[in-house]
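What follows is a pair of complexes built around chain A, which joins chain B in one and chain C in the other.
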Partner chain A sequence: MVENKKYVNKYNFAFIDEATKKEIRRKLLKAVAIPGYQVPYSSPEMPISRGWGTGGLHVTLAVIGKADVFKIIDQGSDASVNACNLREFVHMMTNCKTTYDTTEATLIQTRHRIVEEELNENQIYIYQVPQPEPLRSVERYENKTRQMHGEADYAKMWVSLYESFVRHGDIMFGAGYPVKVNDRYVMAPSPIPKWDIPNINDSKALHLFGAGREKRLYAVPPYTKVEPLEFEDVKFHPEDFSSYECFKTGYNKAYLDELYFDDGSKHYVINDSNFLDKMVGHAPLNQHSNKYLDKLKHEQE
Partner chain B sequence: MGYVAVKGGTDAIHNSQELVEFYRLKDAVTPLDIKQIRSQLRLAVDKVIGEGGLYAPDYAAIALKQAEGEVFEAAFILRAFRTTLQRRYYSETINTREMFVKRKISASFREIPGGQILGPTRDYTQRILDTSKAVETPEDVEKFLKTFESKINRDKLQSIKTYAKVIDLLKEEGLLKRVDPNEDRSLADITREAIRFPAPRSARLQMMCRAETGGLMAMGYSSMRGFGSAHPTVGELRYGSLPVRIKDPSGRVRYAGKIEVTEAEMVSSVSVGKKKAIPKFTIGYGLCFGQNDTKVICMGILDTTMRSPDVNAPANDQEFVLYHTEGIESMGFTNHLKLPHYVDFQSGLNSIRAAMDRNTEKAPEQKQGEPTLLPL
Partner chain C sequence: MSRNDDNWLLRVRNLTKIYGEPNDKTLSLTGPLFNSNICPETDSIVACAEIDFDLYPGEVLGIVGESGSGKSTVVKLLYFDMEKTLGGAWLRPYTNGLSNILEESNQKKRFIRNNLMGMVYQNPRDGLNFRFSSGGNIAEKLIMAGQMHVGDIRARASDLLNKTEVPVQRMDDRPSLFLDEVTTGLDVSVQARVLDLIRELQQDLGIAMIVVSHDLSVIRMLTDRTLVMKDGRIVESGLTDQILQDPQHAYSQLLVSSLL
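And now, the complex of A and B:
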């Protein structure tokens, strides 16, 4: 049998070797300097499958320090299996404190959701991105999409929005609605629902995006303008939950999940697990405010 | 009912991890020895070191054991392990003319310098299920080895040297197309830098070197069969071991060890430049860790096809070939479909319901809290 000593695992703090961490941090700085621009990076393999949050993990592991408090959600939930798995991995490799509490966290990694509670200046919000290229649906070649971004040539994108409206009476993008950052780059916000899009705009937190499989990093720095693509007469709008309500809290100004019980009956519940827990426990809540949500709240009063 | 606020995720993962370990061990048979895997599952180990991009046969054997023989998974484990290692050196350029040849064939000529050496290959075994393997004993192994060794002339073994290559013959006669002076010959390192398109040849070969054998085969085959125009001949296919050397900080070149590789030089004819130009031969190159003929042959085909871009032939399209033959990435993304997507799905539902409303083709909306009328 093989001598065991040879195979004892010893890992660097945060798993990735220091030279690669430095490389990722440098690329992140470039990303912050050019909001919305996709920076290619090495994207080393992680012990997590490609497409399961490797990009988010790279960012987390490159920026995490020993004093950080880490929260991770998947589909809005702290309890989702993949979030649990990544949380354990990050904890194992860094020994950092982990939390479910949105306000306590300094680093929040997410898949497909922005938390309902407002983010602050001390927080970094890290997205797992499956497809960083917002133009992929209209142009399949990478070298062409890079050129289109370089020339700010978004004509094909606008035409596709227009065609969607003409065919279906609305811009049919669901999750991952394309946005324009800082009046320059069109960016894929990762497949967050439209409900979350307005919350990246002028956010107090730093938003970092990691697409591991496609090997791209990008960022939205704090207090940056982020606008969904829309026409003067055909506007972006978030998902409409006005005729439903959360069956636990009666609240309907948060993103809701549609549930089917064993008897086949349909119910809705607040998607953000920490927000729901806090609301049920009557804890203080500081929800994001944006023009769509404010209007909704105003209408109801 | 069990839902969102339930904190059962971690427990579920732990139970599942325990269960998969149970499935690996449940029959309580003798645990596989790493040496056994390395030795008797040699070609699986070769695939894992090749696709894992790390020449570490022992670790590959452990990965294979850990993954219950799943080669994709084992290669993935090895790649993830590789991430924890710093790149300290680049080796000196490897010269495959120095190869200690174990197998060397050419389909282009009947006789080649040094002769055709079949070496260890299953090409001419009849693929008849050998049920005697089911009852193989250590004594059988010993007996075979003894008889085999008695047939080896050790004096002759010493005199094995290196051989001239088939492509040298073509080159001397001026039959080979010269390298296009405009070709991007910069040296990329795809493990440190994301690939950009159009990619230099170095990056293309590196990508293929780590690519999944089946993926490369599908692409290479498609070009030969009809979705492209590859019609190559095996100029030379070699399998053997090669010395690797690195430069130490003082600038001295040092011998670091030996690696086993398979190398293919695939010859195809091309017309150079304009339509009436004289046709010449071109070489498509393939090299991978371990013994894997299929992989290097397909690399050779695709090396050639990717040099003449053509969007109508998938094998001639760099982005198509390189992104989609990357096994670890394609496996990961394919399997990510198993992750929950209910947030995105809800967003899509919202849009589709609204669109149906607009078209007055109202979907029968089930009211909140009402049981469904459909039989379950």
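And now, the complex of A and C:
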């Protein structure tokens, strides 16, 4: 990969200039100090437009070092367009090693998924967030939502969950189910599916969220309590895949994608491409454990 | 129910709201004596000033006065819809009446609003969130008061929705309830039902109420004691019957003679 040196020399390491990286890192420190709190930041210009993963990219480029091993996924896949282009860019600007292997990576950037394999203490998990404000659906004014966060006034959020349940018989959040971090701030966990929500809770890795278009950073430090909002009698539950299975592996305790073949037949496949590859190749796997998954596994036995 | 000095529920002292920039003479140059609440020197407007009264448990207190006399301002200040300029209010169920509720933090104020007080606005739009359903609006109040069981909330909400379709939004067991021109703008038959409902609530639950109205018949029907306000000041206070039968202040006399 020597040829990449030419880019590295033309630009500052990791593209962004040092002063701006420092600014982003300082904002990240604040975000880590107040779990779930949205910190405004500069969101500098990037070679891609805002809203296409710039928030995640800012965070990645601000924290990446020469020894880091970088992995990036888009909706669970290492191979989709957004992931490929950003991987190429980060590689060109840092000359860091890149990988598909979840366990090998030290820095994982993601769009809308958490990997199925358990994260460890040496990993930083970075999200590209389109809408950092969980209260935006119930309150459109920014000054109001800030005040609501400041006073922990989340009644409107609860009412929208209540109304959703009353109307539809379930709390209808496909992705981005609101969570309460460290018993204080309600946070939008970027639009990850409900399946992934329990995996942020008490995670060993540091989770950093960057919303480039909205110019906000927030974070969940390692070993932090993250709970989905739920009522006393209406509980949070992840997606139910019990009646399907992955057509390649027959496994159904991972997040599944729906897949149509040319003959019109419907199949399901594990969404996390590295997890699927490892499972097909019978490599050792260390899947996340959480109370919902453990219950599923227990029921099946 | 004895009404001695010590068993008050809500105590209000020197409550004042001034718009604009007042000077030292503003308060002495406005009021019923001058027939104006606009300060001639600074043009600041004295919405209400030097309001002193006590509300006792289970009592219904009326506030009457013409439009612009400051009667709505008083309840809006007490319900934290506006910021006071001067003065204080003490609520017995909150820290045993030791702290001035108007100077508490926003969180504490919200707790008091959600748990110890209720307000029925003249315009239902002020009390309801139109982005939510009617059930959702009731649920919001219950959630804010700490109720987190969907089944219970639904049962309570349908209970309340069946009871009445009139714009009465808060019927929780709060120790004090403010009613701001509740019957204004309703036709007579609905008006009668609302008044019945309020009396029922008052008698069943023993809630202390402040009823703001310019309608003396509403005041006579609901209240035990009445304050008469003019140009932001209390000009007369006493038992409702007494004020209606034998008004002392010139303005009260005018009010009674013109409306009865």
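Keep this in mind: the second predicted complex is superposed on the first by the 292 of 301 C-alpha atoms of A that agree within 3 Å, B and C clash if a C-alpha of one lies under 4 Å from a C-alpha of the other, contacts with A are read in each partner's own complex, and residues count from 1 in each chain.
Here is the rule we use: contacts are C-beta pairs under 8 Å (C-beta built on N, C-alpha and C of every residue); 3 or more make two chains touch, one makes a residue touch a chain.
Because the structure is predicted, anything quoted here is derived from the model rather than measured.
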item	value
Partner chain in contact with A:V269 - chain B first, chain C second, else both or neither	first
First, second, both or neither for A:V138, with chain B first and chain C second	second
Contacts of A:D233 with chain B and chain C, given as first, second, both or neither	second
Contacts of A:P191 with chain B and chain C, given as first, second, both or neither	first
First, second, both or neither for A:V159, with chain B first and chain C second	second
Chain B versus chain C as contact partner of A:K180, first or second or both or neither	neither
Which of chain B and chain C A:K278 touches, first, second, both or neither	neither
Chain C versus chain B, contacts on chain A by residue	B
Of all residues in chain A, those that touch chain B in their complex	1-2, 6-7, 11-12, 15-20, 23, 40-52, 54, 74-85, 87-88, 111-113, 130, 140-143, 146, 168-170, 172-176, 191-195, 213, 215-216, 239-240, 244-245, 247, 255-271, 273, 276-277, 280
Interface residues, chain A side, partner chain C - complex	138, 147, 151-153, 155-156, 158-160, 162-163, 165-166, 231-234
Sites on chain B touched by chain A in the complex	1, 3-10, 12-13, 33-35, 58-59, 62, 76-77, 79-80, 82-87, 191-198, 319, 328-336, 339-344, 346-351, 354-355, 358-359, 366-372, 374, 376
Of all residues in chain C, those that touch chain A in their complex	106-107, 110, 129, 131-133, 135-136, 139-140, 143-144, 148-151, 153-154
